[in-house]
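Naming follows writing order (A, B, C and D), and every chain is counted from residue 1.
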Amino acid sequence: MQKSLKTEFLGITITSPLVLPAGVMGMAFSGFNISIKNGAGIVTSKSLTLEPRIGHKCPVVAEFEGGILNCMGLCNPGIVDGLAEIDQFKKRSDIPVIVSVFATNTDDFLKLTKHVNKSQANFLELNLSCPNVFDEFGIPLAASQDEVHNIVKAVKQISKLPVIAKLSPNVYDIVSIAKAAESAEADALCMINTVGPGMLIDTKMIKPVLFNKFGGLSGPCIKPIALKLIYQTYSAVDIPIIGMGGVTYGEDAIEMLMAGAAVIGVGTAVHYRGIEVFNKINEEMLEFMEENNYQSLKEIPRLEKLNG
Amino acid sequence: MQKSLKTEFLGITITSPLVLPAGVMGMAFSGFNISIKNGAGIVTSKSLTLEPRIGHKCPVVAEFEGGILNCMGLCNPGIVDGLAEIDQFKKRSDIPVIVSVFATNTDDFLKLTKHVNKSQANFLELNLSCPNVFDEFGIPLAASQDEVHNIVKAVKQISKLPVIAKLSPNVYDIVSIAKAAESAEADALCMINTVGPGMLIDTKMIKPVLFNKFGGLSGPCIKPIALKLIYQTYSAVDIPIIGMGGVTYGEDAIEMLMAGAAVIGVGTAVHYRGIEVFNKINEEMLEFMEENNYQSLKEIPRLEKLNG
Amino acid sequence: MDKRYTLKIDRIVEETSDIKTFTFKHDLTAKPGQFIMLTDFEGGEKPFSISECSDEKFSITVKRIGEFTTRLFQKCIGDYVSIRGAYGSSFFISKNKVLLVGGGYAIPTFYFFAKVLLGAGADVTLINGARTKSEHVFADRFHELNIKVINTTDDGSFGEKGTAIEIAKKIISQEKFDFIYASGPEMMMKAMQNALQDQDRVQDQEQGLDYEFLFERYMKCAIGICGNCTMDPLGLRLCVEGPVLPKCKVEQLTEFGKYHRDASGKRHEF
Amino acid sequence: MDKRYTLKIDRIVEETSDIKTFTFKHDLTAKPGQFIMLTDFEGGEKPFSISECSDEKFSITVKRIGEFTTRLFQKCIGDYVSIRGAYGSSFFISKNKVLLVGGGYAIPTFYFFAKVLLGAGADVTLINGARTKSEHVFADRFHELNIKVINTTDDGSFGEKGTAIEIAKKIISQEKFDFIYASGPEMMMKAMQNALQDQDRVQDQEQGLDYEFLFERYMKCAIGICGNCTMDPLGLRLCVEGPVLPKCKVEQLTEFGKYHRDASGKRHEF
């Protein structure tokens, strides 16, 4: 039998489990085009906000051994123009689109949801990973069970689309956050967002390399952190997980599946291996299946769940 | 004038600002010997506990792109045998020794301190980075201002040696933790301990690579996280910082200094560049000083402090 | 890993009142058409084409436009700036008869390119345009090369009178070129494309004249991940698949000469 | 980055009731004396010397001792185990007359080594010892090589009667060797060192007989960071600077034949 990467995600059939994650290649409909041409099975928009944002001043990326730092600053053309790009994409393609939205409070998330309801997108992803907004106990929004629960719950009440909660890795107890989202009826989780943040210094000019000083880590070196958090979460919740963080080769994607991911995001690897990375990883996953005698993704086993 | 790496740390003159950090090369007095022969200016013992610990079952290390995971599990011969190794080292060398101790509560830290008071060590380092002990609010010990404050304060009351608090990077607000240690009269801070933890999976055997499943990240890829946390802390406290995390080349050490470190730990790099790494980095720092016309470490500027 | 290099400015040449060439001692090993990202860590990191490049040094030629380039113009020899790259695609190196058409700050990259073309044995004609004499650059440097140079200004104050495109139109109707390269304002390149298409119709060629254009889009990461510089509808990332695009791609670009995206990703008409 | 390889057991040979050789199809590119770390991810990862090594395959020869090796003995052909390495120092490859002295599970690494020595043109004598016939290994394989083999057992049940050291003592007093290599229990190697020192006194040589010993210490990381395997007082990490140590180092080891450290770093007398 022909090995296949076909799978289902929240009821929609996809030809590859690889997801273009939020913010990578992601302002223009043509960024989606080229990603699916190169083998992505789902695409995610840049996180859209109510108003356009030009983001932080450059430099907004810096490389280090094992990954990159970025402080794009959520630059995006705003929800209206952003959705227009998605609709333009959807005119030509039926590949599912996740629209990512970002806000710092429930009201704004609801406003964004209303916009999204009128779009052609397939899924709504809530970027709940903001490290700069705190709840009443001084806990970052992304780490507050209550905030996560309340936002997801409110959005679920009005969203016409399945809702995905995108979680931050920088929390003490990922399981409680994941459960808070699940109990608010999130349809899926997306994890992980960038790690850290971190900083690099130019030793000649004695300045932080990033103008914003700090930026989140992505790329190969965050894979171990992603796998651990995904595995813990998979062991504790029943909703599917979009697993991402450092996936660069087919092996990494298989690790994500074994840790419990339903589908797999490939972001920073676009830099390391070109936009063809999706096709390359698809190919490598098929080779792995061939070597290890799996017919379909479903057959690839998961790790035994953590107890407790 | 001859460029020099000579500097002072808590009143003791050292010939190199490079520190062998806790747990690296560190059960036997001979591990200290070889480190100082290769250019380290200060050595730190493995974190010692009241009783010997054999640590976790192997595999306890795993490599990935940009760093390594380890879950040694605080294996150590116990405080008595550990201090004996230090005393044996001190018979032959006057290079300063930091004795690192680990406990999960104030009482045990006090017992350890009493042992250390009778040893030849120069500094006492409290490993406060345990992710597995929680305070009454469910916050890990390392992230609890109160716990950190109380332990440091109690130890300071009886310690004959200057006390260094070793902080975890995995906290929401490093500044408040650092200030809690400072206000309890810690003499210095040591940061950062390992990041994460993370996990890797063997895709053929469908098992976590580490028998303990999870292990902390160290090595080049954690440098950005270390720099950021050290910089934030340096901007907020007045006590010296032992800066570490991924330092592998002279440039990295200079970055640490610019971020605000007083002296610099070099751990995982011993794997990448051999035990000669201390001499190599010393050499590279001198080259940097030559190129940029600094006569002494003191002349190397720090970044402007963060305000607030 | 792409390394960042922090370099001292080794030489500054004032080309015009608002164009300067900055030279750095550094082995960039770039190809013609590629660019670097340059920052002073004071806010802003911008792409600049390479106007000269050898084993020991390279140059960029910069027009003062806004905040960033104004600050750059205040720097002196010995001041540090930090660069990364070279990035992006480069020009096809023809061995035959080629025409280079450009204007303003976009022409100096052809100086680097012309030398490489000559090394490859090409027969090079250059149209170097500007609005007026005081904005015309690199005339003397191109003059020293073994190429045919046609200087033009819109107002006739230097060289022939007319836009670079008007001159180009004339010359391609008279001479047969194997390859055309253009670098300059987008609407100039659009006009160039029209001129080439007209010429193809006149000559009734099957293949048509082959060409490459050097594009500019707002760049942030320059390493192909942020998507800020993608061109519709192909999703070409100008920082990776560009800035030099071949005819077969250019012909498919629906946004060429129509709109571009700003730092937020919002579209703006030209 | 040192990669980990998860491999199927390709072949298992029962050497004795508690020694087995496991062969894997994998290009390890190891040098004689080096070791791999092997795990089944069920708790435990242990160092094993390489007893055979070519471009296509390699072998280890394992004695069943405790929990880990007992589990390993239950594995079948086709089962996976995971390895990393090869790690550590390797034997000096002499071109001259050499003596290899070893016993038990420590002898098979000399099979790999002897073949390399022969390739280098050395004249090889091997003393292969064991307590009794049923514990003696690799006799037939060594027999096939173009080397001089002396098999010994403590009880005389196979080959000459006596310990490997007793035989070695005799032979070095009779023949002149350029290099001696030993691999086996630490107290055996200590006895060997004493024998060599005695011989040096007898022969009144300036330099003395040169030698290398293969040591064992409790290893955890095998990449030189955890410090579990350091040997006093030099701080040699047996996983990096060892397991093969040259005479000049061995002579300085104060812990040799005296104590070793366990998994906690605690010292234990031999």
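We take it that a contact is a pair of C-beta atoms (placed from the backbone, for glycine too) under 8 Å apart; a residue touches a chain by one contact, two chains touch by 3 or more.
Given the structure is predicted, the values throughout are model-derived calculations rather than measurements.
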Separation of mean Cα positions, chain D and chain B [Å, integer]: 36
For chain C paired with chain D, centre-to-centre distance based on mean C-alpha positions, whole Å: 65
Centroid spacing, where centroids are CA-atom means, of chain B and chain C in whole angstrom: 51
Residues of chain D engaged with two or more neighbouring chains: none
Per-residue multi-chain contacts in chain A, two or more chains: 64-65, 203-204, 207-208
Pairwise touch network: line, ring, star, complete, or other: line
Pairs of chains found to touch, sorted by chain label: A-B, A-C, B-D
Sites on chain B touched by chain A in the complex: 64-67, 69, 138-140, 143, 170, 172-173, 195-201, 203-204, 206-208, 213-215, 217, 220-221, 223-228, 231, 248, 251, 254-255, 258-259, 288, 292, 301, 303, 306
Chain C to chain A touching residues, read off their complex: 1-4, 6, 37, 39-46, 80, 82, 220-228, 230-237, 240, 261-267
Chain D partner contacts - residues on chain B that touch it in the complex: 23-35, 37, 46, 52-55, 57-65, 68, 70, 72, 75-78, 81-82, 202-205, 207-209, 211, 267-268, 270-271, 274-275
